[in-house]
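In what comes next, subunit A is part of two complexes: it sits with subunit B in the first one and with subunit C in the second one.
Right after this comes the complex of A and B.
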């Protein structure tokens, strides 16, 4: 029994920190300044606000998990909501994960196609990407966590590339502080921008594997704030570098920040940046795919590696589906809203938990 | 009773009757008639003379002091002892079988190492004799805690191996795991320890060596004191050290003999050299095939000019020259030394000048390939340069497929693969996946030697 238990507990504190951190940084950060553009120059401090929101919403997640230290959210759903309703909700989440993953991959591949591989279709690159993804995920959550750590140290150097933009930028763009007028703009910015920092909610799925569960909140928080800091730096530098019009209209503005760079031996650093970005995408998507696989395991009450391949095939077809780009974007956008639901979901679970507890006490 | 023993002797004779180098002699001594068996190929005449014949003729009792008696019934064991170079003495009257260890096979003397040579530090290397190798280590670690367990492996060859470890430092779990792997081996023959290494590795399908191999007694002793387990095999020069990590493949024992500044510089060179050697030519392919815009205008102009006569796409061009270099390297290492040099020079001139003039290759590529070939020899142990040779083709092909994106994908594969590897159950990528932050003191940068007194995380040593 004891060996069994020690095998389950896989994630050390640093794994937890970087799982939270790396999963959060995906393609989102590339277009974050544009997503926040309704606020104009005031957007620079939004990431910090997001950080606060994330820290607050993380608490119920950890709380509900700590009530069931050996179960992931899929199981908790089944326990609290009953088998059928729980399974239905789980199915919903799994579908959401698949579409979310497909959305991230599709976004990234369009980016790759428009910058690096202009003369190719994306079928080959997507296939190779998925193969690699399956390879990483089949190593289990610890393998993903290790990959996240490595990703962080390999890609953190890219922050350096923004320093030219920093030098060329204008500090006065920050002033005056809080110069936006309508609450609607603020709401719009949160709605569109918060997506970029999603990813920490996956803690609800890998929580049972954490060694030091009591400190999981603190470790995840460290991870969240590392990401928030990176988001803050990039948005702040974007604000300094771009005009308000550019913020609104340049799609991948962070990539263009790289272009401000000047090397004598390399002309386009952004191509290096965007291809190196594959590490970030892989670490994000791998964690989501792992969760989706756990979801399928719990839906069918059986564990098999074959599900992983099936999921990868489904994702391939979602990415390559023969619908218009418009429809795809709507679908991926819809999946994003469901992701917000996932963040608030534990609050509902806590209510159910409290009700049940009350009932038991009365009985 | 007596008759039974006589029969046993007949049986032994029967078993060895078709082995030509067996010598069976009868002698009359003070203790009656003695029959002597030995294999002449395994025994030197002088040893036999001094250890067997002189005592037999002068003081028979001396024989009993140095020999051990063997049960006559156990014929397989007796044959095994004969095979191991021992001499059998059968005393007819009390019907007693005694064996004396007279093994003295020809051995090579201790020489310099050719594969892991250093400028500073001791120059002796292991030889093919198990006893010599162990004695070389024991001379460096004079501590009764240094244990060596002997086993035989290979169901046909029955080769002796020795497992060495420091009893007070080694991780017992690792030791048990290794013993289990060795005991479960069902492999018929071992001619070198490399075969054993492949059989007891965690992931034999991976291109990366998961156990360290060295022929240097100083490096092996250092690892032993750090808590690793070392395996020697009779008739093999190298020793296996396990567990080991990816970063240790870049560590040469000479790093500890140099000052920390020099050592750090050299280690960084080796480390980044490994990544450069697998990235240089793929970069060339991806820049020319997919993203010419990443190069500055002047450089691009240069490249185009040098490639203007080349009729192939960059991928074919690179594969072509890489294969030629591979052939040169392989031919150079197989050829007799006197011919080898000539071929090397001719190959160099033909490829370096003629191929460019013939319009088969661009001269910038020649520079790149030559650099990457040189870089692949930087790792202090040969295992890794073989790996980088292989890995490079994966990178070349993926760069040919998808340019920089393919290159990064291959890079991600490389890391994902390295992260999944284990060496004796310990993560291969320590200390990047930190097992112990202090390991970074002896990572890519080697800190001054007074900070390096702690055991490495990967050894999971008993004492700190």
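Right after this comes the complex of A and C.
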């Protein structure tokens, strides 16, 4: 048992930083300026606020994990809530992960179909994508972490593509600061925009694999703030470059930012961006799929690699499901609310933990 | 062993199944008609004439451009009609220029058409827009004897060069940005066919959705200067400031602009300070023989300042009278206004604003000859 435990410690600090960072940046950031558009020009600083919220909500996650350093959230649920309730909650999370993954893939494929491959069906690309995904995930969490590091360095160069828009944009759009009054607009922006930075909550599942668990909070925080900075750059440049109408109506505004420039040898940089984006999608989805697989393991109390394939097949059918686009949107939207629940979940667990401890002391 | 066999079986099955799959119809490149220019001519409220120019690469063809014209109510409907006439599949990936005739710009809905193109993922955002005086169809169908191909000709003409930097060179993004931004009114270059050539005649200023007035290139230069463009076209100045009639041309103009507003919505006031630096490349007038000393040049600079201040003020007052704001000066009031900014507020500000212009010219050199 002891050798098994030492083998489980796989993730060094760099892995932790980039796992948090890369998982956060998926399809969300592509349409982040649009999601925040209820605030108009004042949206530019929202990502910084999100960063603060993320840093605060990260703390309870790490705290509850540090009480059980060798267990992931699925096991913690079972320990604290009892076997059956815990399992029920776990099932809930697994379903949410599956729908969430399907949502991200479907979103990306929708983008590919509407811009790059207009005359093709997406079945082929989805299959290829899932095959690659299964390959990455079957390598375990360390292989995902390494893939995340690779993704970061391959795609960070894309920030350069926004400089044309930056040059053309107008700084005066930032003024007046905080030009919004309605609380409703603010709430709407948080509700729709916060989704773009989800991903750091997965630390509750890979925490047992971290070597230096005491510093996990700090490392994850670094990852979160790298992502927040990228989100901030994106929204700030969008605010400078677009009019308020455009912020609201251009669906993938980041790609339109890329369109602002041109090299002498390549004109449509946005197509370049879309294809590179597949790395970002893969790194996000891989981490979620790995967590879903862990969840299935804990539900059936038996580990098998076959679950991974079964999950991939389920995801394929969710993406290709024969329902209307409206129903799909609603389903993915619903999954997002559950994702918010997952962020607040550790607070509930902490309460349960405290109550149990009290009881033990009394006994 | 059985695994290997299974793999082999699967592979063989897939190999043979390929024949059963439905073949996707891919159009080879030589069968694709890449639209280079698309022109819209106004007919009446519900219909328009749509003309496309497609470069013809076939060596046997007599003309280097294919043109098709249809009458239609919707843009995409027109494209379908053109596809029926054409021997090729029509795509927009190589679209470079969109033309509207003057009547369309004055009566029709330019925004609707451009928005349709903006939505289309095939079309880039750098497609240039221009307004044609008479008929776009004629311009595309005319045989320019010394030009290889209308597609390249028109695109090159509308691209900015330093001498035509006055050209606002409006592309799809710029148009959508200015028409949806309540601090701006769009401007679009205005071209006309002049015997065998196409000429940029002026700049069309929009008021809301419709074309409103035509201004001359020199005035458009002022708009560009106020918008903060760093390099400007050569300044051609004619002045009468106590030294008889003088004409001069300042080249390689570097521009630096500072605009300050008094932040008041009721008594708006705007101070525009423009600093320009350039070379005096030509001078014609009374002072021709005594422009060798720094004192005399300083004197000339002063006169130029005065003249430019008057010109700019006159032009801005004209715009304010029309209540249009192509240079976006109302942005300097929006910046300090809490609440939602609307087009009505822009019109209100522009009609009330008092503008103070300060120009500081410095002539860096007079060329290499003493």
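The rule we apply is simple: the second predicted complex is superposed on the first by the 360 of 363 C-alpha atoms of A that agree within 3 Å, B and C clash if a C-alpha of one lies under 4 Å from a C-alpha of the other, contacts with A are read in each partner's own complex, and residues count from 1 in each chain.
Convention: contacts are C-beta pairs under 8 Å (C-beta built on N, C-alpha and C of every residue); 3 or more make two chains touch, one makes a residue touch a chain.
Computed from a prediction, not measured in an experiment: that's the story for all the values here.
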Overlay on subunit A: subunit C relative to subunit B, clash or fit: fit
First, second, both or neither for A:149, with subunit B first and subunit C second: first
Which of subunit B and subunit C A:313 touches, first, second, both or neither: neither
Partner chain(s) touched by A:139 [first = subunit B, second = subunit C, both, neither]: first
Touching partner for A:300 - first (subunit B), second (subunit C), both, neither: neither
Touched partner set for A:278, first subunit B, second subunit C, both or neither: first
Partner chain(s) touched by A:256 [first = subunit B, second = subunit C, both, neither]: second
First (subunit B), second (subunit C), both or neither touched by A:244: second
Subunit B versus subunit C as contact partner of A:175, first or second or both or neither: second
First (subunit B), second (subunit C), both or neither touched by A:120: both
Superposition-derived comparison: subunit B or subunit C, residues of subunit A touched: B
Closest approach of subunit C to subunit B (Cα atoms, Å): 5
Touching both subunit B and subunit C, residues of subunit A: 120, 267-268
Touching residues (chain side subunit A, partner subunit C) in the complex: 114-115, 118-120, 170, 172, 175-176, 179, 181, 242-246, 256, 259-260, 262, 267-268
Subunit A-touching residues of subunit B, taken from the complex the two chains share: 290-291, 293-297, 299, 398, 401-409, 412-413, 415-417, 419-420, 427, 429, 432-434
Complex contact set, residues of subunit A against subunit B: 14, 112, 116-117, 120, 124-125, 128-129, 132, 135-136, 139, 143, 146-147, 149-150, 153-154, 264-268, 271-272, 275-276, 278-279, 282
Contact set on subunit C toward subunit A in their complex: 24, 26, 121-122, 124-126, 173, 176-178, 180-181, 331-332, 334-339
